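Listed below are the structures to be examined.
Same chain, two partners: chain A is paired with chain B first, then with chain C.
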Partner chain A sequence: MRRTFVGAAVAVLLAATSANAQQTIKIGVVMSFSGQFADPGAQIDGGIKLYMKQHGDMVAGKKIEIIRKDSGGIAPDVAKRLSQEVIVREGATILAGYDLTPNALAAADVSAQAKTFMVNMNAATSVITTKSPYMARTSFTVWAVNESLGAWAYKSGVRKVYTLVSDFGPGWDGEAAFTKGFKDAGGEIIGSARYPVANLDFTAFIQRAKDANPDGIYIWVPGGPQPAAIGKAIAERGIDKSKVKVMGQGELTYEDALKSMGDAGLGLITAFHYDYNHQSAMNKAFVAAYNAEFKRNPDMFSAGGYDGMHLIYESLKKTNGSTDGDALIAAAKGMKWESPRGPMMIDPETRDVVQTVYIRRVEKVNGALVNVEFDKVENVKDPWKARQPK
Partner chain B sequence: MIVSMFGVLFDGLAYGMLLFLLSVGLSVTLGMMNFVNLAHCTFGMIGGYVTVTLMNSMGWPFLATLPAAFLVAAAASVVFERTMFRRLYRSTDLDQCLLTIGLVFVSVASAAWLYGTIQQPVNLPSYLRGSYNVMGVTIGVYRLFLIGMSIVITVALVGALEYTRFGAQVRAAVDNQRMARGLGINVDGAFAVTFALGSGLAGLGGALAIDIVGLDPSFALAYLVYVLIVVSVGGLGSIAGSLVAAIVLGISDMAGKYYFPEIGSFLIYLVMLSLLMWRPVGLFGKR
Partner chain C sequence: MASVAPAISGPHQYLQAQTRWSRVEIAFWLATLLPFVVAPNYLVLASQVAITALFALSLDLILGYAGIVSLGHAAFFGFGAYTAGIISKYGWGEPLSGLLISGIAAGLLGYLMSFVIARFRHLALIMITLGFGFLLLEAANSASWLTGGADGLQGVRMWPLLGIFKFDLWGVTSYWYSLIVLFLLFLVSRRLIHSPFGLSLRGIRENIVRMRAIGAESRAHLQKVYTISAAMAGIAGAVLTQTTETVSLGVLDFQRSADLLVMLILGGAGRLYGGIVGAILYMVARDQFSGINPQYWYFPIGVLLIAVVLFLPNGILGGLAKITASERLQKWMRTLPPWLRGAS
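After this line comes the complex of A and B, so read on.
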């Protein structure tokens, strides 16, 4: 009698929890909420929050719950452990976030083994998406942006380029990608240097680039203090940007860097997939809503978070709320939508992002320095993956 | 070739002067009290944030913020010295290192909390921007200003140490602390003042450094290595030593990055190694 009663109670409890589990979809968001990369983390999270505020937390009849986990910076072991914990202990069925390449690479194993849908909202190294068949990316790849920039540079009349990149993985990628795009078009690299990751003063490097007498200088620099230091050194060395095109990936002229550079930043050319100054009705509304919520402009991190949530919501709608990894990634493949950054798509083959790369120049508009788009390359796929043996 | 050499010398000199301002205080206090203050660059960072805050929130002109950066950093250092550092003067090096490196982490976290991890912008007045072209050599106006500023400070410092009664007390305390105490010199008092002065100079250096290297919460750590190199190469307690070491290191860093960019970042360490093997106590060190 008693045994029957306990059995029934257990059965009722189990039924209750599974019914509850069916109604809530937990998304484990793993990225840096503290430490050196706390600010990018906050911006990605801003994109996530804004999307959920605008679109509600109910999708296909299920409630969406975000579980935030702080990987605290470059810590692949921590990111992997947190991704595991959030699935096993807290019952998350979707992974998202991932600000840094090492962390995303480590967590990809978890996604692959647990067959869990994973949305990489930022980490930009090409190879990451190949590590789990359940991963899609909503940011960009260094190869896509910089190879496009290299080809564009030749098209715009630049023939001899000096490259200067940060001496670590993404910097080498940027250098290789720009060089490939530029050389394939017919250009010549007349010199190159890699500066130490923790370099402080850039005068010597910029002077060397100037003395090589190029008609273009390509720079790859991560966000942080260095873009402003480089921008100022270029202006101080007296490099005439109307004769020598100074080009780089979007971080070179991100919002805070331009504030620090002041007028020294005028004329810098960058290639990127998103800027708050992108001119479209949708982006204007996005920027206004973002400012209302967080009192600052969104950036590429916010766009990655916002579009990442869009991908999750739309995929869940297609699967009718099923969180099965195979079903979700099948739903995500080939998905197209209009984002604040412009048209974007998830490549059905590589699950990587396909989008427009904008070529921008720093100009003064209404007294403020902004990146003004003046050219673009549409539908850019990650070229690195396209070249890998299938 | 000759032209580029002059350019490298000039830029290296300016960079060295910046390192000198940041490190001279540590050299003197380390030589005087044997107190290992790894938090020295924290005062540099405080100076930097003072300048940024005054300029961007209160609209002060850049030059007017420099004395404020000096004073606030000096005042902050007095508080630290009176409440924490002085308890550890007779402790082991390890205890001092642990306390001060702990302070560095606390200051990095505090700065991140107060100002965020983002870069702080500083816009120099137009008369400090741009560059002259003198016979093919690019002379940055701001770098010229840095050099001028450092020369004035060096002359003032050397003058104060060589020709004033206070300076004589400090020198006596550096040379032989027990003897100086025996003669009735208030070594602790002299040290407190020197400590504040040195930290103030670091604050000034921090404020001046923003335009060249930027300012974010990692400043307190990023410069620590350079400052320690300058102090060890120059020799403890020697202003002239710090000056020469800072210039040598500034120029070799610049030249390394210009002529051999592949190994540029290592050259400064090679120079340090060879100088220290030649003179283990530093160029002008006495012990």
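After this line comes the complex of A and C, so read on.
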């Protein structure tokens, strides 16, 4: 009874806005534009803006309009409300953005309830895409990257690993994923530690790892000041990276982390799906255009925003401008394209991203520290979802 | 907000005069129904304003009336929010009983804390409440098997209110629900403040040593009001959980306690409507400013705060009260017909 009322209300609302929708498609972009996570938000937005500048704001005869909403950090209640409002109040018919896992999870309810196509441009926890049948993701998952790294570590000759991760959800995921990939291949975890979320002195942790005498150390660290502190501690404790492989997810060797680490960062190995140093003609053009527009290098956030817009544009082309949730997600499923990060695809089954995970080493090129790709794992699907009971 | 008070002959008459409902108050509560008619697209925001107003009211009880400074009130808000979420996750999604249980749980926590709180004043209290807030946040982060940790609690599903009204996308049910809870708890606070108990709280706030000297034991009073305030904060948190069906570590965040203090100062601490007015102003300003500019909306908020503190040191309501009490206005008011003058 109540359900039919809501259904009727949706129909009325859609009818009311359809006159307007003839010309304009509104995309509600909900993410952090202020606070602690404002910079990633700005980079995602940079990707969105650049894509629209390069491809125009007309798709299938309709004008694309972006409505930006600031969730201000980890605030699922706010993110959910803003997502509701942007649909109900401003007539958005597509949701996009979503930098943080709790926010994306909460907004997924709105997408599912309102049958609205939603593009998750960043939040990287595996479970998110299962929460709404109308959601696709254009970033990466912690499981895909770290399980690939674990398997690769064994393949490259590492046998005994010590793990060191940040003591909260994503860190635990990273630890579990690496451990799974490494152990399944035949490796052994000889010790593990979790450091407090706000920790800045890693000397004791790195010494403990060194004392365990591993031939590989796995680290999961979020962005911010910690990667530089870890890089320096590793160099200070005298760990020889030619004998002990120090590995982690891409955040460990972000551009700004490498800058403050200096030469201490040389030799760190990371697995990631995007870096501005990725060698392809398309990426070179992307980086140049991004620099011209925003005076800085793009990062994985920018790539998520850029590819997210690509997915929206191409899906709209397929549906001929229809913003119906079912039609759009059907169009998005299985879509393949060449992105600045390399080939990528939306998994027709899970609506999650399928892409190449690159293994990179920090080297000095023309006097600057950069991540140089030297190996890769192709067509990586999110392994966590593949293991869930159907 | 009685502007022209009748001659007061004793404490009982004073309290009675205070409890009378003025026209401004009645108009205010009628105005809370306006969003249904005027801005049906803003009901989700309105319901979160009502929740925040309730939270601010709970802080006003201890900060504004009893002088207990707290920078960790989000602890109780979050405790209530998580309690409501966890009950629902494990299969009991009935909102009203969930609300009651969450209120009692937060109240119990507040009662335990009150043994410590009632022994300290001022700076020491800031440190204690701050530390307590951080402890609870860290506990919720570590106990991820129970709380979902950094990803937030998953699987919160509420049953329809009274078995009839589903929490919908438009926020109709949410706003009714949070507004009624706010109004009921406001009535409780109003009764409390205008009772001898409320009067002695104000005495404690003004001079705790003197209260003891006249034989009024302050500690028990402080414990009582702290427990009540904690329960109210817990209920506010529970309503947030129930209307949004999400809980994350954000409910326990220091930022939430700090924002709350800002709202209370904005509206005027030590006034029943101070927290409510502050919450309305802050949240609506935030919504509008961040709509105009999602990146730099903190700037106008900061300007607003500085302006209020500079020109209206007792908050907006304090400033209004000062204006209505001014001689010239009183004189002008007397020229108006009686029904326009408000309660007198």
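The rule we apply is simple: the second predicted complex is superposed on the first by the 372 of 390 C-alpha atoms of A that agree within 3 Å, B and C clash if a C-alpha of one lies under 4 Å from a C-alpha of the other, contacts with A are read in each partner's own complex, and residues count from 1 in each chain.
Criterion: a contact is a pair of C-beta atoms (placed from the backbone, for glycine too) under 8 Å apart; a residue touches a chain by one contact, two chains touch by 3 or more.
What you are looking at is a predicted structure, and each value in this text was computed from that prediction instead of being measured.
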item: First, second, both or neither for A:K69, with chain B first and chain C second; value: second
item: Touched partner set for A:K183, first chain B, second chain C, both or neither; value: neither
item: Chain B versus chain C as contact partner of A:G169, first or second or both or neither; value: second
item: First (chain B), second (chain C), both or neither touched by A:A38; value: both
item: Which of chain B and chain C A:R208 touches, first, second, both or neither; value: first
item: Which superposed partner A:K115 touches (first chain B, second chain C, both, neither); value: neither
item: Contacts of A:D256 with chain B and chain C, given as first, second, both or neither; value: first
item: Contacts of A:K80 with chain B and chain C, given as first, second, both or neither; value: second
item: Partner chain(s) touched by A:R159 [first = chain B, second = chain C, both, neither]; value: neither
item: Overlap of the chain B and chain C footprints on chain A, listed as residue numbers; value: 38
item: In the complex with chain B, residue positions of chain A that touch it; value: 36-39, 193-196, 198-201, 203-205, 207-208, 211, 224-226, 228-229, 232, 235-238, 256-257, 259-260, 262, 264
item: In the complex with chain A, residue positions of chain C that touch it; value: 41-42, 44-45, 48, 141-142, 144, 149-152, 154, 160, 164-166, 168-171, 240, 244-251, 253, 255, 290-291, 294-298
item: Footprint of chain A on chain B - complex, ascending; value: 4, 7-8, 11, 15, 112, 116-124, 129-131, 133, 138, 140, 142-143, 211-216, 218, 222-223, 253-258, 261-262, 264-265
item: In the complex with chain C, residue positions of chain A that touch it; value: 2-3, 6, 9-10, 33-34, 38, 42, 68-70, 72-77, 80-81, 84-85, 87-89, 101-102, 105-106, 109-110, 113-114, 125, 127, 167-170, 172, 197
